[in-house]
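Next up, some structures in structure tokens.
Across the two complexes that follow, chain A remains constant while its partner is chain B and subsequently chain C.
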Partner chain A sequence: MSIATRANRLTPYIFMAPAVVVLVFALLYPIGYMIYASFLDWSPSQRIGEAEFIGFRNYINLAGDAAFRESFWVTIKFAAIVVTLEMVIGVGLALLLDRNIKGMSVLRTIFILPMMIAPIVVGLMWRYMYHPTVGIFNRTLKGMGFEEGIPWLSDGTWAFAAVVIADVWQWTPFIFILSLAAMQSLPRSALEAADIDGATEMQKIWMIKLPLMMPVLIVTLLLRLIDAFKVLEVILVLTNGGPGLSTEILALRIFRTAQEFQELGEAAAMSNVLLILLMVLTIGMFIYNKLQEARAAAMRAKANATGS
Partner chain B sequence: MALKNEKQNPAFYALIAALIVMSVGPIVLMLATSFKTNVDVYDASVSAFFFAPTIANYETVLCNVLWYEPAHVDYCNPTFGRALGNSIVVALVSTGLTLVIGCMAAYALVRFKFMGRGTVSMTTLLMRMVPPAVLLVPVFGIWTFQYHLDGTRLGIILVYTAMNLPFVIWILQSFIVQVPIQLEEAARMDGANPMQVFFLVVMPIIKPGLAAAAIFTFRIAWNEFLLANALLDRNTRTVPVTIVNSITEYDINWGVIMATGMLLAIPPVIFTFVASKQIITGMTAGAVKG
Partner chain C sequence: MPRIRLEGLVKRYGAVQVLHGIDLEMDENEFTVFVGPSGCGKSTTLRMIAGLESVSEGEIYIDEKPVSHLEPKARDLAMVFQDYALYPHMNVARNMSFALRLQRRPKAEIEQKIAAVAETLGLTPFLERKPAELSGGQRQRVAMGRALTRDSSTFLFDEPLSNLDAKLRGQMRAELALMSQRVKKNMIYVTHDQIEAMTLADRIVVMNGGYIQQQGTPEQLFKNPVNKFVAGFLGMPPMNFLDGELTHRDGTMFVSGNGFDVRLTQARSQSLQHVASKEVVLGIRPSDLSHDEKAPEDRSLSLGIVVSEYVGAQTVLLCDCGGQKIEVELKSETPVRAQGNMRFSINPEGIHLFDRQSEIAL
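Presenting the complex of A and B:
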């Protein structure tokens, strides 16, 4: 007899209760509240009941707000660029380092460090390195004869590049570790068969390794993409969105709208836009997973049918 | 195949060395700067790594928790010492809570079939992607006007627990599935009730999973800035908030701020070295298994 049938019928509910209570009160309710708040004209000194209901005006204002559109565009650009760079470098390194080398575990430990350190601190150390006079980059450039140095954080284009570099530094290891794990769990038989057929290293990579890793790579990409939309602290410390709006990603704009401009309703409307964006990505990932499972099941069924 | 080419060419080792320098370099530079006086930081003739080290920056930061009074500190600012205490309490309590609650929920989701199981499971999955920035406005409003938890450590602990639960539930599920059900059945035969089975049989077996979940939870609670900044007042502030507050000033004392950053970075770094295996398991569990 299985445990489930013998246990008291209430048991699962007792086990679930604390989690459900916490999630409902501290996560689901706030999200519902936020959706409601996005239809209000609300400042932090007011209770929510006193705020005026203004329908879709917050959203209409957002659509007409050039600064918001700029920041939406910056977010998309930032996410697309960092994720592309990280995927290319991370997967590339995994392909290069997929060998039996001593000390691989030490190497992996070192690579996780950047991800574990607080984003605030990551921002801090890059800000120090980008410093126009005392920063290591400009000092080195000066040492090499470039007296001017690079205006890392004071020029819009450079500031964007600076933010991208910091993010690539912090998160490429994530892609690297996941794709290395995927690569090492590939079926050895396929690679051995390719060896016997005389495939070159390049052919093995393009025709066997990458296609077989594709499902993991796509999930990794989506996970990283979702996270790239959440980045906030590193940019806050590095540039605070400036100069101008060149690095003001959506999460940062929400923060500033709520904190500095005290426009809670508008901040809520922006949060909603961000949430919908992420929801689409998450559901996309979910559907992709399901399709993948279904395809694998179908292939197994077919293999069984032909095998017997 | 991998066994054949044991001998790697030198370029390969050069690549690895470059990667190590790139990923540790900024951290080492921060560590070095935290032992530097502000005069040395601004002096171009002083090398980035070779200089007369001093612990004065750490003394300045920790002045109110030290057992002696550092001679060079004229005015002791207690902000950081207090924030450090707050951070420790908030991170530890919320990690403990999240683990216990999340583990119970994950167990129920794996081992029992019950009404609403699909909904709960789906909701948890979706909640994983909610960014802190999205919670900023509602949490501020609700915690201030309805729960009256603004400015309290309990308030922020509740937020972190809720934020981390979906991830913890999801990751622990994959560990609980692997616990042999026969073990649990044997315990039931010996007369253990479901609670005992859970705490005495299941929990000890999934220790690696718990370790991974604990590190990820601790990391978020320890590092989080945004919500802590919105909810906490000057007495309950955590370290990330004090760091950001101290860099908005124009004239930055790099040595002191790097020492602060270092103190914030130390616990996660220690965890990384002690439990890198668990961390990697935790990271790969999701994507690779699908």
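Presenting the complex of A and C:
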């Protein structure tokens, strides 16, 4: 190989070098820092170099920490419930609104408004609506004759329901617009063929529309799931994890461990646990995409091989 | 099987009217072909019969029963779409059995039916495949198979061959012709390809601009087109049109124009006696001209050769007749001069005359 060709081969790497440098410093360095920190007994008053290296003790502590286990469980429960509800309502709405009615475009825009509001504002808004005496929900209930009202944010079960409702309100539109887009790109003629074959509207939904939308729905579900595991602001503002630990999701627990308990090492270890959880989901999504591509490629190859 | 009748069928999209009162009767077991250029309303008519488009005015009768308010599934028809419209997530067998499964037919019956249809269409090796794993021709067959597995009395075809390459199209056309002889059903077929129309149809319906121009057997339409549009649309290469005038000389009629002066037969002259306008268009099919240097001048054309196109058994000459373009189709054995004039006699049966204003046949 001559020097010239060797230099030529190097050229692309030289062009990529700045991006790689930025990536290393902006992304990998903080993550590496966090992983390293999770092996330290570190308080904010110390420099990182002064902190004592304690190996896996932070992780071992986590495993034995009932509060952490509780908040891990709350996170899973929260993510599973909100994503299920959002999928059902979002896809259902899309199925209902996928038609040409006058003013539909305005209606669709209104539907996606909640998504555009900052989570902190959503939290504040719902906090006032949930207020035990002056909130709109309890005032309405009172107007209907239920004097007691609902202890929205002061009872563990109700507080969990309250944060679920707020999250569903904000994020259902995300699933709604994605599934509406998927639905509108479905092959119209296949649906017409189903009409002629004698399918009812319900049969068309179950046997044609939903199966064809499945790839988009699965990706949407994974995206939402990843997001739901990281939720923080709305819950922080609404309940701050309480009452008790009933709504203390992982992100909030991490925040409090670092802020209130000043245990930076332990907070880093928790973050890593959450990171691993999210990685599993992301890798799952990646594998799913790869599988889809491989299947499509195999189908094309088969079609070409058999000819006419 | 049923008789299908369209009565004053009108279709409007908002203020735009695309079909202007279609009246048509299709007999039992007839193969009807709607043919016309893009946007003539042929597909819209078919989709209205199928129930995929609403009817703005008029009525569709199947065996004298009005059906325009009925859902597609209540009309007992099967349809083959231009883009095949297969269900991408179902394999071939499930695609073909979809309608039967919806009707909750017994499993054994469904399987037997699928096997039989797959056999006739040569799809047996592909029953487990998804549509994406099939070539264009195979997908076309599956679409056909899906229609065939149902016992509907009427088949609708919406340009089913237009996505295939030329060779495959010819092959599928022949198979369709064979199928239409075997299964005794009503077939309504939409195409813009006049060759498909001519080869497949019992009855051709030529449409243009949302109106039926003419309907009848392929032969009727080819021999006696009612207007210039139909004459020019059917036949390949298309009919030649020369502007001319009717004149009365020597006790008979002549049609004459720039570069030609053709005597009409006695019978023809008689029938043209009372035509008001003398301004006409002379129509002659390229195949109604034959090379004959000794032909009498008033029964022939002398044409200047511009280009000769050899297409195998035939040669098509592009000629000039007093400044107007005219095509001649000859057997390839005929010696053709590269340049200069040749004389072509006109088949007296092949003279078509149209009013220049109304374009209606005289």
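Note that in this section the second predicted complex is superposed on the first by the 281 of 308 C-alpha atoms of A that agree within 3 Å, B and C clash if a C-alpha of one lies under 4 Å from a C-alpha of the other, contacts with A are read in each partner's own complex, and residues count from 1 in each chain.
Please note the rule applied: a contact is a pair of C-beta atoms (placed from the backbone, for glycine too) under 8 Å apart; a residue touches a chain by one contact, two chains touch by 3 or more.
Keep in mind that what you see is a predicted model, and the values were worked out from it rather than measured.
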Touching A:L274, do we find chain B (first), chain C (second), both, or neither? first
Who touches more of chain A, chain B or chain C? B
Touch check for A:E192: first (chain B), second (chain C), both, or neither? both
Of the partners chain B and chain C, which touch A:I208 in the superposed model: first, second, both, neither? second
Examine A:P114 and indicate which partner it touches, taking first as chain B and second as chain C; both and neither are also allowed. first
Determine, under the contact definition given at the top, whether A:Y128 touches first (chain B), second (chain C), both, or neither. first
Once the shared chain is lined up, is A:K302 touching chain B (first), chain C (second), both, or neither of them? second
Under the stated touch criterion, which partner chain does A:Y13 make contact with: chain B (first), chain C (second), both, or neither? first
Pick one for A:R99: touches chain B only (first), chain C only (second), both, or neither. first
Could you tell me which stretches of chain A are touched by chain B in one complex and by chain C in the other? 192, 195
Which positions of chain A touch chain C when the two form their complex? 187, 189-190, 192-199, 203, 207-208, 211-212, 214, 296, 299-300, 302-304, 306-308
Counting only contacts in the complex, chain B reaches chain A at residues 1-3, 5-6, 8, 12, 15-16, 19-20, 22-24, 26-27, 29-30, 33, 41-42, 44, 48, 100-102, 104-105, 107-109, 111-114, 117, 120, 123-142, 145, 158-159, 161-163, 165-166, 169, 181, 184-185, 188, 194, 197-198, 219, 222-223, 225-226, 229-230, 240, 243-244, 247, 254, 257-258, 261, 264-265, 268-269, 271-273, 276-277, 279-280, 283-284, 286-288, 290
Which residues of chain C touch chain A once you look at their complex with the stated criterion? 50-52, 71-73, 77-79, 81-89, 98-99, 102-103, 126, 129-130, 132-138, 146, 150, 168
Which residues of chain A touch chain B once you look at their complex with the stated criterion? 2-4, 6-8, 11-13, 15-16, 18-20, 22-23, 25-31, 33-34, 37, 42, 44, 47-48, 93, 96-101, 105, 107-114, 116-121, 124-129, 133-134, 136, 139, 142, 169, 173-174, 177-178, 181-182, 185, 188, 191-192, 195, 215-216, 219-220, 223, 226, 229-230, 232-233, 236-237, 250-252, 254-255, 258-259, 264, 267-268, 271, 274-275, 278-279, 281-283, 286, 289, 292-293
